[in-house]
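Chain naming follows the written order as A, B, C, D and E, and within any one chain the residues start at number 1.
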């Protein structure tokens, strides 16, 4: 059979997938996986489908892409019969067109070698008095506004309701204002550890996997799990894929508890399938966002909220940045 | 051999660069087109070479109209002002170029090239590049290249313009020699009157897109047909006058101050706008010789020119007149004094326009 | 030369200052081209100075990693193809434009040059949309067509400038000696403007080989070019392999540049 | 014989009458036509190629700035039903409109077009997307009988006219929405054009920023480039040749490599900070990366050759005699330079500065990699709108804005300098 | 007014471009430096203008050494070969330029500019740009600009080199007129001998960085002091000879074939390398006049030159000799025949080197 073409986000994440999933799949089925990578642009997937020549069989997408693509019908509908019981997935990580794979977190991180006193809670991000220095933040309103409200004392279950009101939005921006001139913005996931490594910032929000990896390369970065924001990735099959059955078979393999749990060995992204959690080695589980100790104050990103309000809030965010 | 019939040419649709050209080139002659810059000489040559189309009129080559004939099929040699040698080819390749397109190759071609190079005295330089040659040598290569395929007609557009005086005079003699030796018809363009006078069988004087006069050099100099030709070739004093009548083949005119002069020229000039034209060197000191005209003039200025002296004179009332005397003869003339001058009727041309 | 013989003392001082300034500017121009070299041999996976340990690991990665090699091949193929198209079309166009009597020369030139000044994002997005409707996105054909369009002005400009020093009397001479228009072109014109065409082609190659934005939009995973690979490298996964790639690219372009200038110098001498 | 005679007659006629100007022009045109067509034929392939692969795509893309197909294509029945409805009133439209909407959305669900519609309507009013999608999700739950209450049950806003007015307004095939938004204007419910709210007014700011950065870069290149070009023009031939090579070399190295290099130089632990620290010029590391300073510096570095080369070529053409003449006439050195030399370099300065300004307007890579959020230029936003939001209309409107600026300066360039004067290397 | 004292100049430290220049320019005179290309004329002028420093020696201006004086403080008008008009200024601004740095502004400046423009007959063209003027007009502007601040000395470096012949002759007269009218001292550089002869009070002939002869035009032409000057000014036949002795102020020489000629020149020439120099136009047909020398020669060639005829003769055995006769006189001479020629001893200069 032709190799199965799989596209993911590249970097350490894809390295982990390769080790835990792709090679195992090839070994087991005899069908090679041809890897592609992309930056998460939905436009890329759409362009491929529009060109009438869908060359990629399976894509790893983030939640907003899943939502938008599903609505627009650019993904094949998933026949869950062939994947497994939906009930084994965490709430909100199943969809008509996508199968949740891992959960990652946006967390607060710092360089333990450079700081005398380590931050312990999210609110420390906004505490310039105790922790002077630059802050790295993702250049995107999502997560930052949530962090702002959380740090301002809004309970996680009320965050989106608050954010939906003009007052709540103002409150979030006001909180960000308090550290605005200390912020260094990053855009790509790899920049956050780079900011820490180059000493550009004292602390930064970051994707937990990236921090983990930096530590593997000899850094000593710390993570504050308090108020982490969770989001998940999904396997989807782009419309018009040549071999839908084969794609489904691959996805089924990829989310088998053992296989899925294997990813955590290489990158600390937690499996969304509850039956997989049990398969994770305890020494790896510690680093996962989904480990119970880390989950106490977490917030799950509401992508529907951002689909509805993202446009407006992003404009406001852009203006706010420029002033 | 070549006939221009009512040829007109415009580049911009407004002004005629060539106005109405009628000209027949004879077989074997050396015809020069002489004229000031912009008078349409190059344009005429380009039309003959096939690089420009006449806007109106016909050009006949050996009796055949050539409008439809592209340049490469006209079999005319052309020497361009800057030689237009192909810089990427050796001298031999340059000269052999036309042979290639005439199916002449190999030993025969080599022989012809060597012959042509020998003709212009460049034997042994065949392997050089044009850039390795002096201006005069490049000129010879261009000549050899235009001759090597034995065209009946060779056109040259100011071929010596880029050379210095000495080399130019030398090449004039060479070109003339080759032309006579091979009996080629040549149409030659220059704006240097002495070059034209030296080399040509006939000269066509161009101005404003028209041929002003077409004749042999001596006639051109001695009997110019209009004021332009008189002024363009050699120095000239032009003085307004009035026609009185003619007698015994001589014309009589009255100058502004009433002086009567005997002149040569057309018997019954119709125009009112008449002048006499006097060459400075044909004015001599009044030595009681046989000259028909004698006048008194005041010497305003005297300039030393080496072999000659130039006098600026005032005569016929307030007219300025320039005379050029041999230095020895002029030595005695002093500025501020009056002097008697004489000249023959033949040297005093009555001209219209 | 630096100074006229009649310069006054203050003039000399000023001139000295300006000359030093100019050399500083030249250093500013050249210096940054070389900072990538040390980083490419640093063992550290982050771009930090001073370098803690040296290693060739990133070069090894570049040459062993199928993705980098694949993108390198893609770039070479796309650049070669668009260079061919652009050089052919651009040279023909320049020949036409340089002829006397070319109609609407100014307007045509303005259009021909415009890919050079058009913000590339607009070109990229336009091509992305238009080619998408023709099924040309995510194909090498689409990329090559768009790159050829971007490269044409460079060919046109260089060939035109080669033609401007070409004496049209040479063509006339060729014709007067019996060669038809096509023969004249191949025997006389082409050899003489060849240096111009070659430098046009080199520029076209460089344009395509270096282009990021259009390639970002038009290529799928299979056609990804080296610059795209580097771009995502810088943005998404800071990885000194791009420093190795950058060092190699810089070395190659400096070598090409030096070679080109040597050829020119030899030709002139 | 007779025919031949006639031919000569007409020939003679045309000859005699040809002196008059119009005829002359016609004769000229006739004589020149083959040459003109031949010349054009040579350029035609390239022209057609550029039109197909370059001009047409851009043109097509720009039209999406006003295209408005979503409502028209997805809700045809609703649009028809709303045609007669007076949108100004306080009431929602009648039952027919609800029925039509339901029917349209049922089809849309099948065709997978509902999301695009939702997204489009969401631009006009936040939340429209989820309202539409929730109707779509609940399509199976609608029962016979009055629809209005059932809609209101899903979301009370369906009972108000505002939402319907938006649908009605966007039934038109073209919309000014994107263009207006691109200059921070909007059409309110009544159709009047007003300024958008302060915190939504982004684009004029970005436009101004784009112009300002391009201006800064132009100024900086001139400041650095003019003296450099001057020195090169003075230097002895060998040194000048070497200096020119140094100017040209950056043009040959990859833009990406140069930008990467600036990342390395500018970052907080980067070369510049290290050097400054080592020299004791600063005690604290400066934030250079992701700042305006960094962006302008990197862009200046990239643009500098484009400014230097035309200035140099003009300076080269100024005869040395000019300065001598000025001095011999009594002008002291500085005045001779300022009054005689400098004005004559203006054509080169104009060409170089305009070129740099034009090119700077379209920067994307450098601000994206070196710039901070306040340094992102129009191009970056265009790309984001395509890549992340799939919002073609907005991207096209911003592209139109950028294009208008670029083309106006390009036209100025063509007028003042001319396309023929562009030289490479 | 200006004195060069043992001035030397080298650009490269190896060859002396000016070898040993001693020259005094008199107040109010028109002094021309004449010489072939590369003979150091421009260099000399540049040193005087302050644009080059002499390597050795002194230059005195009005008795003061000027080495330290920058050009803008020398108050010398300079007209450059290509005029060096400022293309970005109007004609009036160009002419007004030097006034600005002499504190003359407003109405006074305007008056002076108008005066200068009137002097060169360019009234009313003040608002034009140099590019809108013809070559001759540009030349006048350059002249006006160099005069407007009333310098005592004006230097001109081949100011007419770029003009065509007619215009050049016209401008020669104009420049001479203005110089005499204002009584300015002028140092003028040219390589055109007829220009030098026409305009100058004195001519310094340069060659190889040395002044070969410094005298007034007539002396220069009639009594050249060496072969270079004789050959450079006017046409010349140079024939080797042997010195026999002098008598009554005349020198006697023997030609190759033994012919004895009377010549003028130094009484006791020491050198063995001697020639006589004969100007073509001083050779006449033997008309039994008073000329000291009479010879027989064979006519090889005859060329028509308009007002004159050029004969190529063979004489003194196998020597070539060129003679130039008035066209009328030469009409009877036929190529191939022998002809008697005559010339005076004064026209037959005995020269060394």
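Here is the rule we go by: a contact is a pair of C-beta atoms (placed from the backbone, for glycine too) under 8 Å apart; a residue touches a chain by one contact, two chains touch by 3 or more.
Everything quoted here is computed from the prediction, not taken from an experiment.
For the pair chain B and chain E, the CA-based superposition corresponds to a rotation of 175 degrees in steps of 5. Summarising the inter-chain contacts, the pair of chains with the most C-beta pairs in contact is C-D.
Centroid distances from chain B, each centroid being the mean of CA atoms, peak for A. Distances from each chain's CA mean to the overall CA mean are smallest for chain C. Rounded to whole angstrom, the centroid-to-centroid distance between chain B and chain C, based on C-alpha atoms, equals 54 Å. Between the Cα centres of chain A and chain C there is a gap of 39 Å. Centre-to-centre separation between chain D and chain E, using Cα means, comes to 65 Å.
Mean C-alpha positions place chain B and chain E at a centre distance of 29 Å.
The residues of chain B never reach two or more other chains; the list is empty. In chain C, the residues that touch at least two other chains are 4, 6, 8, 47-48, 128, 217, 235. In chain A, the residues that reach two or more other chains under the touch definition are 43-44, 187, 198. Inter-chain contacts occur between A-C, A-D, B-C, B-D, B-E, C-D, C-E, D-E.
By the touch criterion stated above, chain C contacts chain B in their complex at residues 167, 169-170, 172-181, 183-184, 187-188, 191-192.
Chain D makes touch with chain B in their complex at residues 14-15, 18-19, 21, 24-25, 27-29, 31.
Residues 4-6, 8 of chain C are the ones that touch chain E when the two sit in their complex.
By the touch rule above, chain E contacts chain C in their complex via residues 50-53, 70-71. Residues 193-194, 197-198, 217-218, 221, 233-235, 279-282, 303-308, 324, 326-327 of chain E are the ones touching chain B in the complex.
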